[in-house]
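Okay, so here's the structure we're looking at.
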Amino acid sequence: MTLFPAEATQREIARELYAHARDLPLISPHGHVDPALLANDESFPDPARLFVVPDHYVTRMLASQGIPPARLGVPSVDGSEVETDGRAIWRLLASNWHLFRGTPSRLWTEKVFAEVFGVEKRLSAETADEIYDELSARLAEPAYRPRALFTRFNIEVLATTESPIDDLSVHAKLAADGWGGPGGRVITTFRPDNLVDMEWAGWAGRVATLGELTGRDVGTYPGFLAALRARREVFVAAGATSSDHGHPTAVTLNLSDADAAVLYRKGLGGAADAKDAEAFRAHMLVEFARMSLDDGLVMQLHPGSVRNHNRALHARHGRDVGGDIPSATEYVQALRPLLDAHGDDPRLRIVLYTLDETAFTRELAPLAGGYPALYLGAPWWFLDSPEGLRRFRETVTESAGFYNTAGFVDDTRAFCSIPARHDVARRVDAGFLARLVAEGRLPLDEAAETIADLAYHLPKKVFRLDGSA
Amino acid sequence: MTLFPAEATQREIARELYAHARDLPLISPHGHVDPALLANDESFPDPARLFVVPDHYVTRMLASQGIPPARLGVPSVDGSEVETDGRAIWRLLASNWHLFRGTPSRLWTEKVFAEVFGVEKRLSAETADEIYDELSARLAEPAYRPRALFTRFNIEVLATTESPIDDLSVHAKLAADGWGGPGGRVITTFRPDNLVDMEWAGWAGRVATLGELTGRDVGTYPGFLAALRARREVFVAAGATSSDHGHPTAVTLNLSDADAAVLYRKGLGGAADAKDAEAFRAHMLVEFARMSLDDGLVMQLHPGSVRNHNRALHARHGRDVGGDIPSATEYVQALRPLLDAHGDDPRLRIVLYTLDETAFTRELAPLAGGYPALYLGAPWWFLDSPEGLRRFRETVTESAGFYNTAGFVDDTRAFCSIPARHDVARRVDAGFLARLVAEGRLPLDEAAETIADLAYHLPKKVFRLDGSA
Amino acid sequence: MTLFPAEATQREIARELYAHARDLPLISPHGHVDPALLANDESFPDPARLFVVPDHYVTRMLASQGIPPARLGVPSVDGSEVETDGRAIWRLLASNWHLFRGTPSRLWTEKVFAEVFGVEKRLSAETADEIYDELSARLAEPAYRPRALFTRFNIEVLATTESPIDDLSVHAKLAADGWGGPGGRVITTFRPDNLVDMEWAGWAGRVATLGELTGRDVGTYPGFLAALRARREVFVAAGATSSDHGHPTAVTLNLSDADAAVLYRKGLGGAADAKDAEAFRAHMLVEFARMSLDDGLVMQLHPGSVRNHNRALHARHGRDVGGDIPSATEYVQALRPLLDAHGDDPRLRIVLYTLDETAFTRELAPLAGGYPALYLGAPWWFLDSPEGLRRFRETVTESAGFYNTAGFVDDTRAFCSIPARHDVARRVDAGFLARLVAEGRLPLDEAAETIADLAYHLPKKVFRLDGSA
């Protein structure tokens, strides 16, 4: 896999540019790796549990061709039986490997096989057992334990994602081991979605937990805000430099304290309807922006996913198993209350993501190219792929430039795929920059500086991982 | 015309891949050829009546530059006069041939001239008569009669499209001649739009005809469903393997029998409003899905066309003459009722089309890559072109792979253009796959297998033309 | 900068095609150059006031990285102080020049430096003063005064944009000098937005001015229409061949005279709400179409910009300083009233622009490829860039061809950048056509004819600059 343009002039330039980025450390400011993995540093289980079971990119593709997630070992929440034999799961993957032709999952997986595990053989029904055995043998070796891989992967910093009511004990262990804490290798991210979304089952209970954890009176809206502020302090002390907000839409709202308090009371009283819940979520984004002005956390906004679209899948296997679907997302009117309030304040940093590519030239690049507070996050989820990354640069750069983008974010649960994902992004950026150079749109030396900025310096700076305030 | 990438590496690979698809038989599971053409097997009329009059791609482009369809011989429905001299029509086309630069109509037409008729001369005001005469001479020969061309075109199966109240007598003649029936060369498709769209003038009358044809009491909703089921049986017996549904939107609705019956009665009583009509159409899609579970017909959904947008054109020349315009189409919420009910059932096959490309990465590829029942149909109508076909693969493959797509569908009224259209699709797919190979994203042998699947094996399988249930 | 495809075959063809367009005169039928510039023909002020202060592409990018427009000399409307030292402003630009990597602003500026001023050095903090001094020296020379540059730029005709209540005295001076008037080098465009938008502060006052200027009774709706017609006559006499309409949406409405009069009265009485204002704007587009049938002015529609999105910026610096943001724009239903009334009339010419690229394949190309009155305007504003221009051809050509597009429109305030902008468009079109030639989709000789049409003959004809009616 080179991913470089096939055309010789650009290919040579891309190769040269890529050399400026290839060996730079990985900055992973947003992702969903379980921090316990690195805190406990135990060997990974079998290959199926590493590559198939937890990766919904993989299980959803197999499901789309009629292989139920239960046969792939995806844990059930309804008590129904699921496959537990790793080798059986692996064989299902192998004999359906053709389904992944042309997908990033295939690219990432083959890169991990080759570059992490030294397995160059192509996966197929015939090679399934042999590869399974080879991978299993490697996984048993100490060099394949998480911390060893972390070091070998040249990851400088990895952020995980926790709810404000997470006690951060796992991160405390990491800090105690010299792996966590401010400026550490593994840090947390403040993700308050399940405390601001009244429609999420169990909301009031989680708010109560927040009160217990902080000793604040969360029976009132000011107490709720104070409790969140208190947890942000704890997150900052654990190394967090950003918050993350995954809302159905990008809608923001700047309510008066009194109006916000009314919604909050309705929510606690079980009287909030969908409109109230939307308004509360929207308003809380502006509250979090205000908190960011105080504590410096970079705000990440991830709107536009219809969660649990596949209801049968959700009923059987729960959340985050491949049943979410993107939808059209409006930003220009939606963000206006937030931008009116704080969009011109350069102390604030908001990193915007989208699952709706149509917003890139029409809304997001013009917004990021106009407001000091805004940065564009890397293509995310369904768009985190060679074509998606290429289109991102092609549609964003002319209005926003490179320096209103925030660098690559792997956003993954799959620890072993992190270097592969960053490498794909670096190669695609090299190809894009090579085209600019070949067409006489950018001098080579500036392109070389740019690719290093995109790969390393820019995400480090935008996510405040360089120690700056 | 090679349509292959100009760059030498990819061009060589594309050429090699194309060789794996070039001579495969044509599977044409969806189109609008008049079956009488093949049943009667008479010579085509003059070149204007073959290439201009019935092809609204051609007449609309000329109309857009001020040449009224009447001067192009398009039949009128208001009694106004239209040109009848084929040669005069032909000269108008020829002297405006520059309007078609860069359009697929030009590609297809020139391919047909060259490859079907052996005419290599470029069309222009100067060559108009000469080409007209050459084409006319060929059309008079027996080798240019429809069945001879069908065989020469290497079409394995061609599906036409009929309303449930069509008596299928033309298909019966084809069957009697050894050309039709289940597994035959020419089959029908069940297209019930004019029976489920209460807003389509004459609806109640067509429902009455349906009752007569089936002997069911269509005065009640259960009787209406029974009558449709009866016609599906007849269509299946005539070889149909799919149904087709061309709705204004993708909205589906899963009503109770009682609620559906209320809408049906309102419709028959002339009391249904636009909202009722939309609800009834939406609900009937779920009913048809249920029928498909029983009889195996593959469902095709073609939403998003605003029919008869050009009202003056519609008033003078009727339907299907180039006056329809696409519009934005939402799928994620719209399809939810249908997918909640049957989306995870691998026995069901729904082939989704769009005229709104923005849905490809945002909605359609994620949906097709997640639900067992869903397949993505080929780029359709305004998108059935080199650029449209290329963007389809670029935007769909990474989330849905190749095997959640349903293969190429020519969707044409223009019989002679069928091989040209399939050839364009095969060449564009070869170019796309060549890029994947050249960038190290897919091994050559898998790309070769894939192109044969896309061109032949996959449409045959997805549309159940391989005899499978 | 070649902007041609890097691949050798296409590059050679592009170079050859470009040669057919390179030296053709510039047709600039739509833009925002201040006509006083050419009427007075005074030397340009310093480089900062030429390249930075008035160019909101430049100031917004710098603002997005925290450099307030006041530090860039952008005039304030609230009395706050702004930088006045040209050299200080210039140094800010120079030391942030990396922000413009990959943007069209950088391309245009470097082209102007090199081709207009002979400055080949790269801008940076180090070279800032030297380049400032060189540019300043050039600007003091007579050869760098506006009329001299106009001639050197080979501009055949430049249209500026004026409100109906502009007295056109500047254009009268141009005419007196042999530079303006019908068929002249500098002409005006009729832009009535501030007279049809009741929501624009001061509307009633401007309507009163219109009454005074024309001697019509603008207290009544018929009088208002008569006054507008009178001003159109004056504009036509000053050389105008087109009108321009920048509305928030593309919505049109064909009201009865009585209903329109009601809205008008409400507006004058201060009783119109947002819905009334929208309806009045929408209806006036149909009125202007009717006027165009009489006086031949080509109608330009520029919908889809949310004006003054950045409220803080607007409060401090006023309109047109980079605070506008595009938004999603619907055309198919919105234009229907206008198209129903006059869309099939080939005497009418409507040039449609968009800031929403998603409309190109889905709505705009099908509309322009079907209605005689419609032409597609060039990619505009945020899309007026190499990638935007390329995507325009890729998404529009297959349904609308080349001849339903209206040629390039530079739309600029930045006089010196006009040749650079046209040259970029010619190069990108050469590259697109070269691909068609290389892929066997268009013969070379027709591509050569096409590029000359796109660059020169087509805009001249569509905008009625060839003296035709």
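Chains: A, B and C, in written order; residue numbering restarts at 1 for each.
The working rule: a residue touches a chain if its C-beta (ideal position, glycine included) is under 8 Å from a C-beta of that chain, and two chains touch if they have at least 3 such contacts.
In this text the structure is predicted, and so the values were computed from the model without any measurement.
**Student:** For the homomeric pair subunit A and subunit B, should the interface be classed as same or different, according to whether the shared residue numbers exceed half of all numbers used?
**Tutor:** The interface of subunit A with subunit B is built from mostly unshared positions.
**Student:** Rotation angle for the CA superposition of subunit A on subunit C, to the nearest 5°?
**Tutor:** The superposition gives an angle of 120 degrees.
**Student:** Could you grab the centroid distance between subunit A and subunit B? Build each centroid from C-alpha atoms only and quote it in angstrom.
**Tutor:** 40
**Student:** Indicate the residues of subunit C shared as contacts by at least two other chains.
**Tutor:** In subunit C, 5, 7, 358 touch at least two other chains.
**Student:** Across the complex, what residues on subunit A touch subunit C?
**Tutor:** Going through subunit A, the ones touching subunit C are 5, 7, 9-10, 330, 332-333, 336, 339-340, 343-344, 346, 358, 361-363, 365-372, 374, 393-395, 397-404, 435-436, 438-443, 446, 449-450.
**Student:** Quick check: in the complex, which residue numbers of subunit B touch subunit C?
**Tutor:** 1-8, 60-61, 63-66, 98-104, 107, 122, 306, 309-313, 322-323, 325-328, 355-358, 382-383, 385-388
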